[in-house]
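Going in written order, the chains are labelled A, B, C, D and E, and every chain counts its residues from 1.
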Amino acid sequence: MSVLTTEGLTWKIGEVSIVDNVSIELNQGEFLGVIGPNGAGKTSLFNLISGLRPVTAGRVSLRGEDITGLAPHQRARRGLGRTFQASSVFGALTVAENVRLAVQARMGGSMALWRRASANRAVIEKADSCLTAVGLAHRAEALAATLAHGEKRKLEIALLLAADPAVLLLDEPMAGVSAEDVPELVEVIKGLTGSVLMVEHHMDVILEVADRIAVMHHGALLACDTPAAVMANAVVQEAYLGEEL
Amino acid sequence: MSTIVLLAITGLGLAALYFLVASGLSLVFGLADVLNFAHGLFLSIGAYGTWWAYPHVGFVAAVAFGVVVGALAAVLVELVLIRPLYKRTIEQVLVTVGLSLAGVALLQATFGADARPFPRPQWTQHVLSIGGALVPVDRILLIVAALGVLGALLGFLRWTRYGLIVRAGVENREMVTALGIDVRKAFTLVFAIGGAAAALAGALGGVYLGSISPTTGASLLIFAFIVVVIGGMGSVIGSAVAAVAVGLLQQFVNYYSTGMGDICVVALLAVVLLVRPGGLTRRTA
Amino acid sequence: MILSLKDVSVRLSGLHILQGISFDVAASGITVLLGRNGVGKTTTLRAILGLAPATGSLTFEGQSIAGQRTHRLVQSGLGYVPEDRCVFAGLTVAENLRLAALREPNYDLVFELFPVLKQRLSQTAGSLSGGQQQMLSLGRVLLNSHKLLLVDEPTKGLAPKVVTEVAVALELVSQRVPVLLVEQNLAVVRRLAADAVVLASGRVAWTGSATTLLGDASLTKSLLGVGH
Amino acid sequence: MNALTRWWPVGAFLLLIAIPYNALTNAPGTLQLLALCLVFGGLAAGYDLLFGRTGLLSFGHALYFAIGVYVTAILVTEVGLPLAMLFALLAGTTVAAALGAIALRVKGIAFSMVTLAFAQVGAILVARNPGGLTGGEEGLPLSSGLPSFLIGVANTVNLYWLAVAYLTLVVVVLHRVAQSPTGRVFAGIRDDALRVDVLGLNPYRYKLVAFTLAGALAALGGAVYVLVVGGASTHVASSDLTLTLLIMVVLGGPGTRFGPVIGGILFTFLDHRLSQLGVTFDLPGPLAEPLFILGTLFILAVYFFPGGLATLGRRVTSRRTALSRSAP
Amino acid sequence: AAPQAGAPVKVGLVYSQSGALASYGKQYIEGFKAGLAKATGGTNKVNGRAIEVTEADDAGDPAKAVSAAKDLIGKGAKIIAGSTSSGVALQVAPIAAQNKVLFISGPAATDALTGVNRYTFRSGRQSYQDVMAAKSFISAPAGKNVLVFAQEGAFGTSNVAAVTAVIGGAGAKVTSILVPADAKDFTPFASQIKTAKPDLVFVAWAGTTAAAMWNALDQQAVLATTTVVTGLDQKASHATFGAAGEKVSFLSHYFDGATDNDFAKSAAANVSGGLDIFSPDGFNAAQMIVRAIGEGGDDVEKMITALEGWSFDGVKGKNTVRKDDHALLQPMFQVKLVAGKPQLIKALNPDEVSPPAVAMKG
């Protein structure tokens, strides 16, 4: 059964199609990798799915419901979560508060002016467990702005874990993560429950976690198949992978 | 008919005055990212400078003097107050707010709170009969000056390397430095240009209003803000278009429904921003 | 050796990020700076450029450069490709390049390496994809003939094919100009680097030849945490 | 150190209570000035809910304050004081909710300008004296309809209590809000509203809540202010007033619990006392202009206490913890 | 309470020392000091009791004025005087009544102050007197078209009301154009006036935009084609009329040289830079205070009785405190500007310009 479907999704700027008639089905519990050359439109596709950009044509549906016209927060409420290619965390809040905010957004009860946030143990405990899961517990009291790049990436994953979404969009979670930390982060990502759509340029990571791989090229979907089939595809070899270093 | 002509030309005169104030504001605001509340002060300095020099030299030289003084004041403000706060945009705005309060008080202490008659050469006081309307020459003078400033600014931004540096510096000052460019000079230059434009507005505005007082700058500033925002921050062309819209609207509405002009301008601002949040010329971003 | 750091320390918001590091950058080839996230690699490059407040001695071509203003350093031959690209989003590609051009810019080289930039000259840099921005950022310094390039994670976020292209480009560049490179992709390091410096908890943990480092499984395991 | 930071607000509160009970400070002039200071302390704190806590730079806060002032002044003779204050609060809240709903559709400087523009309309209306309601530039004195315990110099102390009550209310409300789940969302919005959106919360709703609450607090402040001063004048609707609030907040420390209160009190006190100083010592030129001194002080404060007076103590502590953490 | 012999009497002066009206404040205080010296024969004492004057700045802000007044009253002042602006005067007046102290308002011209309460008096003129003086410029009002050109707000509306009552009451047809005080361009309004072709235009304008406004009236040939009357402001403003000045008929509250009596001479001797429009207000206030203390000692009720109905000679000539509503009946002047200098055409005696009596409100 598919949890996320795009049908003929298109985004144009002027006459140029940045995302061109993309139809994808993400199945329940599936891990779908998205690869493609720089500028292929992967991030743009995520932006359309998460509602940050209005679509030019096509539909997005989440668990059978058409969400094409909804605002980002409405999609998030229905169980769609995402990370950003460039780290985006709440810099002026501590790491712990970052995650608590995300947990709270998920659990509800945010519109409560007269309640003490600290009284909600459930939120705090959930947040702590998310931080532990990504290995950031020791940085809980640091301001997020002072984290190094790799730590910010982990925090982003923690924010996503907190929201417990049914469908996750990960935009290059491994970019800039030091080699030492990659295996750890891969474990975190493998441990995600839910269906995942992940853009990543690290082929070894993709091959390790993905059930299927979608390939984008010039905004269009070039192929969407098993890893083995995709790796064997001549166009993918030529346009994306190039020669080994 | 003659009424329409009169309203249109004087409305454009008003627009020219707004543009002169707004252009410098927009330049500094859009490019150096500082919402400069002290801009009105530069205007007053230009006006008082001209007023002071006029008895000693001719009108043109006095205006030139006022413009130079205004530019110098802006440079001084940039060097002493704004520069040490780079990257701290909110604080920069706050400093200019403090400066605008202190500056008006300083002018008041120096020149008195009362309006001073502004020197007006005889020729600016003549009226031309155009289409049956008696159009004062000073309006035409303002329109010509505004067109000149518009052309000069566009040229600066489009064709000079400084224009480029300034536009890049707004986004990431540090990176401009890391490309081997002394970005501080460029920002000082922008302030100087903004100050000069404000001072010119002060000098010609003095002729237009017939008198200056310490609060003249502040009273023009609020409309200049509106013009800048309607036009799209940082866009000089946008400011020009917005100034014309605001000036004409105010003039016509004031005539046909006495005194509702200001409220209409505010309504225009609200409508423009709600329809195009980035102003007339800017993309929504 | 073209650049030399002696006992360089950096404090940021009260944190002692670099605690007295010393190493040299050879006058030719690529010296790679390694270490896990947050160890201070970026901070080291910024300190060299005068963008982070540093104490200690910094020598470039035999002259002390401590305390010099960044733009002067760049004019005197240091080129910088920052970690998060820092292209000017509101300027077009052409304007980004024009801005960076100092004396006698070599546009041909840049367009040869990154033809896509030539196609997108009039597009604003902010609307380029992440990888395209990275190319622009590299292209900007390659325009000028610098004496040393400081390059921070240039292959981050690039498609495998482009990673190869960038590596090849850097290799070409390094034949003319020495490079101090921060890189996480060990395949790239293996291909390019002559010397390696490894940072750990604010100090230099190891210096030596890159081949030695990557050839020794126990060293890579203990210093970089990879291998078996 | 810890005990001090925890207990000083209680100490300060006790001090406020003690002021009318000793001969030194129990003079009508002093109490009157202090009452004004406290009202502005509360107002600044309410403004900080927008500026310091939610990151919304409104240039039109004076409007909601002015609504509180004028509605109370106009209605007090008709319906009596309690009802007049209630209507003032309702009017301020409603208008803030309505205009906020429009203004918050745009972001950043555009938002600032729309609020400025709305407030400008308010200022124009007040100055025009529509239907003889506001008294135009001559203002609207409160001459009848007041309960007797608020009338006369001897009863200034009751105005003072009113101001203390207002300030306490504002501080308590804001403290609760800052500690609440909603306060956490405000902090998130201040940082990055788009990110909050993607987390599944609608930033617009939360901003509107902050805006309306701040408007309500300002309107209530206006109702108290008009009683303390004994009349309304156009100044309360001017954009200058919002700028002054901004200055108070920054002086004290935006986003801190007591900073804006301290800033408001200090600024108002100086504003009133400096001109007296100028007269007493016959100071030359600009030094006799309170605004000159205040503007200059403010600029110096921006330089030398970034983060405001309230963070002076904290900066010392944060340095200490930072050092101890990097030690091992 | 019986006056204690020898104890000083406290008087509080709350007026603008800083802010937009600072120069009016300066004229007032200099006039006051000269008046006090004159009325006490240079001793500053009445019945052997020193007059202890405390000054406070209100910066034109009623909130500050109220604070200062409460402070002074709290410290024992029985008399408050000053009020440079109408807004301040209107808010200080109720404070005086609530605390049962005497309030002698200064330059504030609003008619609303007359009869506002028993404790409030005024030492200057009110708008109505200006309008009465304006009326003196038309010989036969019946059937004439009179247009009031004024700034929007309380000041403008009360002028329109006064003109409608005074000149309209005498048979003229009164219309009005009200304009925002901070308008930038007055050309449209000037052109509206021209189209209306009135026989007389009464301009009620104060503030910094006056020069632009006059310039527009002149350029659109309003001044050349009809009689325009307005009030003459302080000296510093005379030059702002420019060429237009000679085409306008002025009414004047006071100007340097309007009178040449003993009081004016003694005032001029004590005031730097010559007398100005509000010098008499300060001078009168001092005279009234000396009278109040002399007759009433510390008893405010007695002070009121002493002032009500009292006539005295002052800088402007003969002044009378009307018993019913505490209006100060006084002469006004018709003036023309010649080369930027005011010249007296005619002094109007107090009866010709006396405002209608109103009932005492409180």
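A few remarks follow.
The working rule: contacts are C-beta pairs under 8 Å (C-beta built on N, C-alpha and C of every residue); 3 or more make two chains touch, one makes a residue touch a chain.
Note that the structure is predicted; figures quoted are calculated from it, not measured.
In this assembly, the chain whose C-alpha centre lies farthest from chain A is E. When every chain is reduced to the mean of its CA atoms, the largest separation from chain D belongs to C.
In this assembly, the C-alpha centroid of chain A lies 47 Å from the C-alpha centroid of chain B. Per-chain CA centroids place chain A at a distance of 43 Å from chain D. Put simply, the C-alpha centre of chain B and that of chain E have 38 angstrom between them.
Remark: chain C and chain E have CA centroids separated by 77 Å (rounded to whole angstrom).
Among the residues of chain A, none is in touch with two or more other chains. Touching two or more other chains at once are residues 13, 15 of chain C. The multi-chain contact residues of chain B, meaning those touching 2 or more other chains, are 108, 259, 262. Contact residues on chain D toward chain E in their complex (touch as defined above): 27-30, 32-33, 36, 124, 127-129, 132, 135-139, 141-144, 151-154, 156, 229-231, 233-235, 272, 275-276, 278-279, 288-290.
Within the complex formed with chain B, the chain C residues making contact are 49, 51, 69-71, 74-75, 80, 82, 86, 88-91, 95-96, 98-100, 102, 140, 144. If you check the complex, the residues on chain B that touch chain E are 3, 6-7, 10-11, 13-14, 17, 108, 112-118, 120, 125, 127, 134, 136, 208-211, 213, 215-216, 219-220, 223, 250-251, 254-255, 258-259, 261-262. Those residues of chain C lying in contact with chain A across their complex are 12-13, 15, 35-39, 42, 83-84, 116, 127-132, 134-135, 153, 156-165, 167, 184-188, 190-191, 224-226. Looking at the complex, you find that chain A touches chain C at residues 13, 35-41, 43, 85-86, 146-151, 172, 175-181, 201, 203, 239-245.
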